[in-house]
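Right, I'll just put the structure down here and ask away after.
To keep things simple, chains are lettered A, B, C, D and E as they appear, and every chain counts its residues starting from 1.
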Amino acid sequence: METKSNNWEPRIVAFFCNWCTYTAADLAGVSRMKYAPNIRVIRLMCSGRLDPQYVMMAFAKGADGVLIGGCHPGDCHYVEGNYKTLRRVTLLERMLHDLGLEKERFRLEWISASEGDKVKKVVNEMVEQVRALGPLDMPGRFADWDKEMEELEAHVNHSQKEIPAHVH
Amino acid sequence: MAIKQTIKYDSERDKSFPQEIMSRPGCEKLYGCIQCGTCSATCPVSTYMDYTPRQLMALTRAGFKKEALGSLTIWLCASCYACTVECPKEIKITDIMYALKRQAIQEGIYPKRFPIPVLAREFYNMVRSKGRVTENFLAVMMFLKSNPIAAIKTWKLGLNLMRTGRFAYKLDSMKQPAKMATLLDKADTGWKGGAR
Amino acid sequence: MSTKPKIGFYWCASCGGCEESVVDLAEDVLMVVGAVDIVFWPCAMDFKKADVEAMPDKSIVATLLNGAIRSSEQEEMAHLLRRKSQVLIAYGSCAHTGGVPGLANQFTREQIMKYVYEDAPTMVNDKKTRPQTHFKEDGRETELPQLRNVVRALDQVVDVDYYIPGCPPTPKLLKDAVLALLSGKLPPKGSVLAPNIAVCQQCKRNDSKPQDISLTEFKRPHQIIADPEKCLLAQGLPCLGPATRGGCDAVCIQGNMPCTGCFGPVDNVHDHGAKILSYLASTAAGKEQKDITKTLAGIPDPVGTFYRYGLAKCVLRGKVS
Amino acid sequence: MKFSYFPGCSLKGSGRAYEESLLPVLSALGVELEELDDWNCCGATAYMAVSDAAGYVLAARNLALAEQKKQDLVAPCSGCYLVLNKCQHYAAEYPDVATRVQETLKRDNLTYKGTTKVRHPLDILVNDIGLDAIKKRVTNPLKGFKIAPYYGCQIIRPYATFDDQHNPVTMDKLFKALGAEVVTYPLKTRCCGGSLTGTVTEVGQNMSYILLREAMRRGANVLATTCPLCQFNLDAYQGDISSDYHESVKMPIVYFTQLMGLAFGLPAEKIGLQRCIVPMDLKPAAALAK
Amino acid sequence: MNEPTKTQPRIGVYICHCGTNIAGVVDCKAVAETAAQYPNVVVSRDYKYMCSDPGQALIQQDIKEHKLDRIVVSSCSPLLHEHTFRGACEKGGLNPYCFQMVNIREHDSWVHEKGAAATDKAKDLTRAAVSRVAHHKPLETKTTPIHPDVMIVGGGIAGIQAALTLANAGQHVYLVEREPTIGGYMAKFDKTFPTLDCAACILTPKMSAVGAHPNITLWTYSEVAKVDGFVGNYKVVVKRKPRYIIEDLCVGCNECVTACVFKEGKFEDEFNMGLSKRKPVYMPFPQATPPIVLIDPETCINVKTGKCKKTCVEACGDRQAIDFTQKAEMKEVQVGTIILATGFQPFDAKRIPQYGYGIYPNVYTSLEIERLVNASGPTEGHVVLRDGKTKPKSVGIVHCVGSRDNKTHRWCSRVCCMYSMKLAHLIKHHTDAEVFNFYIDIRAPGKGYEEFYEKLQEEGVHFIRGRVAEVTDWQMSKEEEGKLVIRVEDTLAGFVRRIPVDMVVLAVGLEPHADSQDVRRQFNISCSTEGWFLERHPKLAPVNTFTDGIFIAGACQGPKDIPDTVAQAGAAAAEALSLIKAGSIELEPNTAFVVAEECSGCKTCIPMCPYTAISRDDVKKVAVINEALCKGCGTCVAACPSGAIKQNLFDDDEITSEIEAILAK
């Protein structure tokens, strides 16, 4: 797909668990690590809270990529929420692939509270990969798809002169 | 005895020099040096160096280019990689030595007729024209261009090699050595710190 | 002129099962026919588009439209019937959520045309002739409907008042809907005229489901002879009952087949397939990636399984080309 | 077992005894070495001092030839072994290097992917063939040999691919399997002087002297090496060293493959032993008995 | 209280400058101006320090003046100040949960360059919060009671100090120690720096105080086997390993030790770092606490084969304290808080073979020297070489062994410079040898530390600035014969030196215990990349962890010396005490609940919960969540196929509105 404007910037929505990855992102901040400003973090208590609907919705609403961050296996603050994440994400990855999304647009990373540098690395890497793919722009695509209906809708609703109810 | 002023002024620094060196593959960690001296202590040749490897790192990162490139140290490095392996900060010191050698050759700062850079150049040229090296021919070339008198001293060595059948009477070569030159020139062209 | 409420039926992209389901009312069909005046039902009675066009706007009390919107003609009829009807009801899965025809959204129109008119094993078409939307012969010109790029549920084309889910809807749902219409006791606009609770609630096998089934293998219906008493999910069959709106009395499960999701999701769910995915993956066991991958490989076609009836209403609407 | 074989310049020149012993020994153990067709100089360390990019291309060309054969590449010379390995590492680590190498080799219709493994004969002997198989082949146990195992620098530094970087033991194990005695030799990885011996002679010879003296002090009667340059430096200058340091320095310097050949009962002249400038006593046990 | 209305929320938005921390990168004024345009926003301001009193007052005043019922503050991480602003809302008369915090510092200004992109990000995040907060509902704060008993894991100086502090305050403490005695590494030291007071003299009174304290239950030779529960209410199972001695009956007379069939010690004495031998039945050291013996099952003939004359039993006589039938015992206790003081392990010097430890006999680790210089040590304080008699004439102390080295540990171990100087002083004092310290940098930043360095210099101890490359025995000259040679660059002189010495001391660094990962998993806390237990905040919450009610003290959190360890142990005790005294703790109300009318009873959620908070009501055939057990992870919410489970503060409508708004342009 063609880039709509030259100054397009990837938009990545991230879902970070409160205890590991969100804290790691805080650590990256405290350590003043610089990374790409294209990421928007939504805090969840556990990556296990991630409903696959959120990922679908983020893409549908215009995200170019979605990043999930959770505690390393065995390290979940809630014992094993991240295993549930892994199960859902494994299937979701396949489904998104079948729905035509490039695999670089969706990523799961285990990032512990101490891995501020990994936040930086993963975000930068992902932004670059998504940038290379170009915009996903689902809202724009939906609008394009629905253009085919405009003409007919106008035709039906305006060409036929109004026949008011209860004339007879 | 002549007394020399040894103070260094800031104007003597080349501030872009450390960045230039660090941009070469393998040299990026120069700034991480903590000046612990492990490189010097582990180096089997540091006994003979004018600056210890540690001092060379300090000179380079401070931008004292003239001193660094003019040092004997870079040429005495035998590429045994002991410093690289032992450095607690994982600085690839041997590679920095190479980068400095290349820079010195390009800028012509190295000691004239000093045999090591001469050997390097002659080696380069022989490979460029033949694709392979024939050791005793190379040695002769080196001596001719550095210190012809020293060559005479090696007569005994030559005899020993001939006696044991380890002396080559003819230059070895690849089948089509000509393509080597084009290949190598292409490799070098436009390369950061490349020979051309 | 009859004073009975005027009712219309129409058939867009669907298999015809929905029309059949009206007949499935059996003797109750007489009650319906007696209570209403059917003014449009091309499948059963001889009305023309022009007849509808001639009707005053909003003169039809309710139109039950089944089928997805696939062609320009269907789209035009949807607009027309919307205009003429006080209440427009999406009848059956295809109108409700796009239905099985919605799975076409996994392909482009060109891929489908090429397959159907060139590559299908039963096709002989050396000249690679394709249907035309404009045709001229002997001085006569014909306009034919155009196939749209994407399949749409009815509410993606026009405003819809109510939905009757199912593939096809059960006679009971139809009857209840008609009675509600006649009595004027309709729920808020936009409602699905079926209970807002998942199939499991009505499933007789519910009690047989263990609390933790941690599946290490998913099976497909032809691979096992399912125990007719026990929860099918617990037997490894990906039964969509937990994530699918009930009201069907779990008929498929009564027939020892797993629920495939035709009633669509309950009200709280935005994306049926994603929610199915979430709970099915949650029932899988395994902590190592390779074990999990292996277990979930038992669901070979996630899109086809989770969006069998609802790809058009998936928030991504189908394959991103 | 079959490998591509990169002899390098030295094994065709002053180090030909290495090749002369390596090929029959490996063949006796069922390993076939197929010499790379039209190989070129590996680049060696001298090249790095002039042009690193060209150095990598030189190494990569050989690797690309081996890739075509889909064979791992055996490089017996320590210098070649290091440079080929270094090329692999740098191409993997620095995209600039990889691109430059690939772009350049395209001119020669070659592709470099980095799929070939560079192997040292010692690695193959101990890890692929195994000491048990080697032991079985020994017909002439090396009784009376007190060997200082000298590994030198470049087969374990900077990349320790098959042995411990600080205390390599592959040769120690090998010689014990051949029936020899191995002396504790703390200088087993200290540099011999490399090319300095030929350029700044006093420096290089001092380095060799330290190695030779310590080997003698530890009671070795032979020093085993893995590298043609080490062999040359330690072997060829013992006369000069003796006179410079006023100390009689005499220590036969042989390749580990020559010791294997001897233990396998191969005739001395078939494994290049006549090429030692400082000759080795083939029957030290008898000498000791006297 | 202003009751939030569902139809038309009135939202106040506050953008914090955090001085220049945020405002230096993000255009705060522009963010506030844009936010004023977002739906339902009534007030939008930017302010220098929102967390300051005037900043909080601003919120409270606006709540009253503008009848605000929702508040958004864009400032730092919610992990830092969410609590502060919720408090401000509450003081202003608003339910504290009608608040949402936006992190535009750690996640924005501190990680991005100044410019439009950073400002845009702040706008997006703020817009998402405005959209989300409209869905927030007022919630009740829940509290949970704190069980007054405390468990302390680790009986080194940190655990001892914390235990005594708490016990003296009247709390009951369970002190669990893996070794047969408490005391830890400090018990092995001879003197402590920089005061050079005797370690035993200051430690052993504390050890016996622990042993005798009525409020302390001391379990040595024991390990924590299982931890369940949560703050205020932990259930801990402790495994007491069999020491084959009935603790209550043993009086520590050592007669069994004398009587053992082994006439001489035969096995490496752990306390003396293997420099002496012990018998299978032994007391770790004379001041061991509890002062009782134990029988080592690995070396006791009777335990291993049952074929022994059992002279020990005979010697014990009527006391009958020896019991070969003893089995491991599991004790379950309930505590409200836990302090982890599990300490460190010394770096294994064999990992750096060039230093020759394990190769050359006269290369020692610093802990071995601690025992050698100790009057009660294996040589009764005589510093001699491994031959047991030769006094060294020259000693080299190698600093930073396993520290400041990317190939082993990157960190500075903090104590080695000081203890090396202490050992230098003691060795010199005992032997009058020439002592060399080889250091990279001398780190002496404590009270009296620099003065100690100065004292050592005056004593004539050599300080050579250079990291040792190698300790070896090959020689270059006569003087090196029979010596260990240290190769080092004297970096201040500018040349390489070879220094022959008789004895080398390796100043090994501190590293996390090999099983620290298992321990932290057991207690559900985090580790730093290096493996040290991670504190909640390096400056503001140094003894707290991310798990409420679990505190850390001493070197398990990172290398530290005795003064710092003792201070931290006191802090951990105080933190535990403050919870206990409060009696209860507020819990996040982010629990999940089931809307019964929407639940089909499919049971998907039940196995999702690791806390067994979900069960099935078999009459109504729906799931029920026990809110007291729910920890608010939300995994069940994500799994519920009907969307019938809701979660306070993280409900679907809150999160989806956040997603939509974060992407709105």
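Assume a contact is a pair of C-beta atoms (placed from the backbone, for glycine too) under 8 Å apart; a residue touches a chain by one contact, two chains touch by 3 or more.
Remember, it's a predicted structure, so these values are computed and weren't measured experimentally.
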- Common contacts of chain B and chain D? E
- Query: Taking each chain's centre as the mean of its Cα atoms, which chain lies farthest from chain B?
  - Reply: C
- Query: More C-beta pairs touching across which pair, B-E or D-E?
  - Reply: B-E
- Task: Taking each chain's centre as the mean of its C-alpha atoms, give the chain farthest from chain D.
- Result: C
- Can you check how far apart chain D and chain E are, centre to centre, with Cα atoms defining each centre and the answer in Å? 50
- Message: Could you work out how far the Cα centre of chain A sits from that of chain C, in whole Å?
- Response: 28
- Task: Give, as an integer number of Å, the spacing between the C-alpha centres of chain E and chain C.
- Result: 58
- Item | Whole-Å gap between the CA centroids of chain C and chain D | 75
- Would you give the residues of chain E that are in contact with at least 2 other chains, written as numbers and ranges? 354, 608, 638-639, 652, 656
- Message: Give me the residue numbers in chain B that touch at least two other chains, ranges are fine.
- Response: 47
- Message: Can you list every residue of chain C that touches 2 or more other chains, as numbers and ranges?
- Response: 269-270, 275, 278, 282
- Provide the full list of chain pairs in touch. A-C, A-E, B-D, B-E, C-E, D-E
- Query: For chain C, which residues are in contact with chain A within the complex?
  - Reply: 1, 53-59, 72, 75-76, 79-80, 83, 106, 148-150, 157, 269-271, 273-275, 277-278, 280-282, 284, 286-287, 289, 292-293, 296, 299, 301-303, 306, 314-321
- Of chain A, residues touching chain C in the complex: 51-53, 55-57, 59-60, 73, 80, 83-84, 86-88, 90-92, 94-95, 98-101, 136, 138, 141-142, 145, 148-149, 152-153, 155-157, 160, 162-168
- Complex contacts: residues of chain A adjacent to chain E: 9, 11, 13, 18-20, 22-23, 25-26, 28-30, 32-35, 37-38, 40-46, 48-54, 57-58, 61-63, 74-75, 77-81, 84, 88, 112-115, 120
- Report the residues of chain E in contact with chain B in the complex, numbered from low to high. 354, 400, 404-407, 440-441, 465-470, 487-491, 494-496
- Task: Note which residues of chain E are touching chain D in the complex, please.
- Result: 353-354, 472-476
